[in-house]
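Below: a set of structures, written as structure tokens.
The same chain A turns up in both complexes below, where it pairs with chain B and then with chain C.
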Partner chain A sequence: MDSFTFVQFEYMLKGVGWTLILSAISFVLGSVGGFGVMLARVSQIAAVRFVTSFFIQVIQGIPLLVLLFIVYFGVGIFGLSVPPLVAASIALMIYVSAFLGEIWRGSVQSVEKTQWEASECLGFTRWQSLRLVIIPQAIKLSLPSTVGFLVQVIKSTSLASVVGFVELTRAGQIINNSLFQPFLVFALVGVLYFFLCYPLSMWSRAMERRLNVGNR
Partner chain B sequence: MNYNFDFAGLMPYWKMFLQGTVLTLELTLASTVFGLTIGILCAIGRRSSLRPVSAACGVYVEAVRNTPFLVQIFIFYFGLSSVGMQMPAAVAAVITMVINVGAYSSEIIRAGMDAIPPGQIEAAECLGLSRPRIYWHVIMLPALEKVYPAITSQFILMMLMSSVTSQISTEELTAVANNVQSITFLSLESYIVVAILYLILAVILRFLFLLGEVWLFRRKRVIALARRRLAAGNVPSIPTNTNAVRT
Partner chain C sequence: MSAIVEVRDIHKRFGENEVLKGVSFEIRKGEVVAIIGQSGSGKSTALRCINHLETINNGSIKVCGHEIGSPRIDLRQLRQDVGIVFQSYNLFPHLTVRQNIMLALRHVKKMARTACEERAERVLRMVGLWEKADNYPEQLSGGQQQRVAIARSLAMEPQVMLFDEVTSALDPQLTGEVLRVIEDLASRGMTMILVTHEMAFARRVADKVIYMYQGLVWETGGPEILDNPQTQELRDFVGTGL
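Take a look at the complex of A and B:
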């Protein structure tokens, strides 16, 4: 039986790379979607707000794993066979946009109402006051939870392994299949995830402390 | 797109879906009860003045919060069995879920405890309350009351996370969908059915937790009632400091 050598470790590091790529893709796409969800949630049209909140409830009410399977098999019915990376990106994008949209809506709504009124008095349109007055302030408030959610995204990419995308967890499984040393391999995988996530967690917490968001 | 959904083809397997739902609920219940216990203990431990205790709790919480649940479950199921601690998949699933939810809820509870104003504790000390009573009545209960929404949504997230335990072949809802789709080849339909079942479970749990809030926190109800009476002008005055109201 082989033992754990640098070759395996290198393979694992390659998995780390793919985990980061998938996280980046889903975070960027999810941010775009989340921005749209946030806009729809603060819309003045009740129907838009209602539909978006229904979407959020649904996405937050089903497990990411099941969502991943639905997307994976769902694009199949169009007669397309998509690579696992695409399926995982789509599922994570939907998931991330629902959660980020909610986070950002919270911070947009926690900007004081007088700011809206003031910009209205200055003759700004709704979009202008959102873009020039509200969002710059909301970004500052939302940053800690956004970075905190980024940790969640990195951890969630591990589920992409079940549709066969070779990121860190799948790399660990493949190595384990040849070495049969699950404790060593998966502990190492866990440590690598920890090194990815812990700095972000610390950063998020430091920002939170600096902003003191909790006591606003 | 010419795809005919065939949900009727899944009807013969309704019993499997039901069993999966039951197991998912059992996993959720077990991890809620034990996870909350661990969470409370760990929150107390992290505020302890004994350095080793608080450090150990801190390491536990950070280790769990910064690694994926899937990897944790692999370590507990495959990893521990390779070093001679073999257990059934469902047991490994429950243990991992308890450890996971314990870490998350301890962080939430700690935040609630940290938010108790020191003046409250000093006031309780001045009134001569014993340490355990201060801890329970002045710190723990108001803290739990404050973080109840956050902690219950963590439990619902845990219910959804239990789907990941299908990866070590725990026969819960998602694993049932895996099995049914491999028998019937109705993969999309199976997962849609399961998604709807999860959604229903999440809605029901949210409703139950809402009822629980009303039932558990009598103090909150008393204060709300007094506020309403005050607003209507029925009573002369009540103290504005909510924590001073006796239950």
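Take a look at the complex of A and C:
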């Protein structure tokens, strides 16, 4: 039986790389989608708010794992076969859009109503008020929870292993299949995830503390 | 001279509660008008109706040629003609004093940057806060923040300025510095409507005093009505103020 060597560890680090790439893609695409979701949720048109709210309810009510299967196998029904990375990116993007959209909507709505009033009274359009006055303040409020959510995203990418995308978790599975040392392998996988997530969690907490100091 | 603000028989309900029960008044160009009355008399609501922050249920308001309530009203133009200053200042906390003033000049008036800068300097000097141009609102006292809010509104060169209890959140010492700025504006001929609790100030600065009581204009006239009220309600109100 083989033993754990640098070759296996190198393979794992490659997995870390793919985990980071998938996280980054999901987060960037999800941010774009989430911004749209946020805008739709604060829209003055009731139908737009309603439809978006329904979308969010649906996505939040489906396990990400199931969403991944739907995208990966669902696209197959149309005769298209998509690479695991693409399927995982699409599923995660949808998931991130819904959650980030809600986080950001909360931040936009927690900016004081009087700020809207003041900008309205200076003659700004609704979009200008949002862009120049409300969003800059909302960003500051949303940063801790946004970074906190990024940690969730990194951990959630491990689910992409089920559609055969070789990120950190899948790399661990593959190594274990040849070594049969699950405790060692997955403990190491866990440690690597921890090193990715811990600094972000700390950063998020530090920002939260600073924000609370500012509000005192 | 013709009226620049004409309020005709306006009614405003919040649900079951009728806050304005047929309010009418007129304001001519260059006049300084003080609206006084107990809390809940509808004076702030009446003021907010003038620039369409509240919509009226009945009646009509004409401001600087804008027919409020008309479906074709250009709200953005109305807001540029009518400035308002709030009790809670409502400065933009993420921008410096100078940026607070320049933002609407840039994006609403579409003025060139240098022109914005010049105008920001002019209005800040007018309220005596030029040296605070690069400070953030949270670094200023309440009185200073309110003066910046006045400067911000003034920079848009409105034809009428509305002041909604602008000194109510300030302690007496800071109230003075804000009132001096308003008085200075009055002497420059700015048309102003002030909802205020400062009786002495109203008496000194206002050309016209409107006393509101339970959603109606109860008594109106020159500042002398404060010394010689015709109605029992105003007598009581002025009496408690002393």
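As a working rule, the second predicted complex is superposed on the first by the 212 of 216 C-alpha atoms of A that agree within 3 Å, B and C clash if a C-alpha of one lies under 4 Å from a C-alpha of the other, contacts with A are read in each partner's own complex, and residues count from 1 in each chain.
We take it that a residue touches a chain if its C-beta (ideal position, glycine included) is under 8 Å from a C-beta of that chain, and two chains touch if they have at least 3 such contacts.
Everything quoted here is computed from the prediction, not taken from an experiment.
Enquirer: Applying the document's definition of touch, where does A:Gly36 land relative to chain B and chain C: first, second, both, or neither?
Expert: In the superposed model, A:Gly36 contacts neither chain B nor chain C.
Enquirer: Is A:Thr125 touching anything from chain B or chain C once the two structures are fitted on A? First, second, both or neither.
Expert: Only chain C; A:Thr125 stays clear of chain B.
Enquirer: In this superposed model, does chain C or chain B come into contact with more residues of chain A?
Expert: Higher number of touched chain A residues: B.
Enquirer: Counting only touches as set out at the top, which of chain B and chain C does A:Pro83 meet: first, second, both, neither?
Expert: A:Pro83 contacts neither chain B nor chain C.
Enquirer: After lining up the shared chain so the two structures overlap, which partner does A:Gln137 touch, if you call chain B first and chain C second: first, second, both or neither?
Expert: So A:Gln137 only meets chain C here.
Enquirer: Give one of first, second, both or neither to describe whether A:Pro63 is in contact with chain B, with chain C, with both, or with none.
Expert: A:Pro63: touches chain B, not chain C.
Enquirer: Please work out whether A:Asn176 is in contact with chain B alone, chain C alone, both, or neither, and reply first, second, both or neither.
Expert: Touch partner of A:Asn176: chain B, not chain C.
Enquirer: Name the residues of chain A shared by its contacts with chain B and its contacts with chain C.
Expert: In chain A, no position sits in both the chain B and chain C interfaces.
Enquirer: Give every residue of chain A touching chain C within the complex, in rising order.
Expert: Where chain A meets chain C, its residues are 114-115, 117-125, 128, 132-133, 136-137, 140.
Enquirer: What residues of chain C sit close enough to touch chain A in their complex?
Expert: 51, 53, 76-77, 79-80, 83-84, 86, 88, 90-94, 103-104, 107-108, 152-153, 156
Enquirer: Where on chain B is chain A touching in the complex?
Expert: 1, 3, 62-63, 65-72, 74-75, 78-83, 111, 115, 160-164, 166-167, 174, 177, 181, 187-188, 191-192, 194-195, 198-199, 202-203
Enquirer: Any idea which chain A residues touch chain B in the complex?
Expert: Residue positions touching the partner: 58, 60-67, 69-70, 73-74, 76-79, 151, 155-156, 158-159, 161-162, 169, 172-173, 176, 180-183, 186-187, 189-190, 193-194, 197-198, 201, 214.
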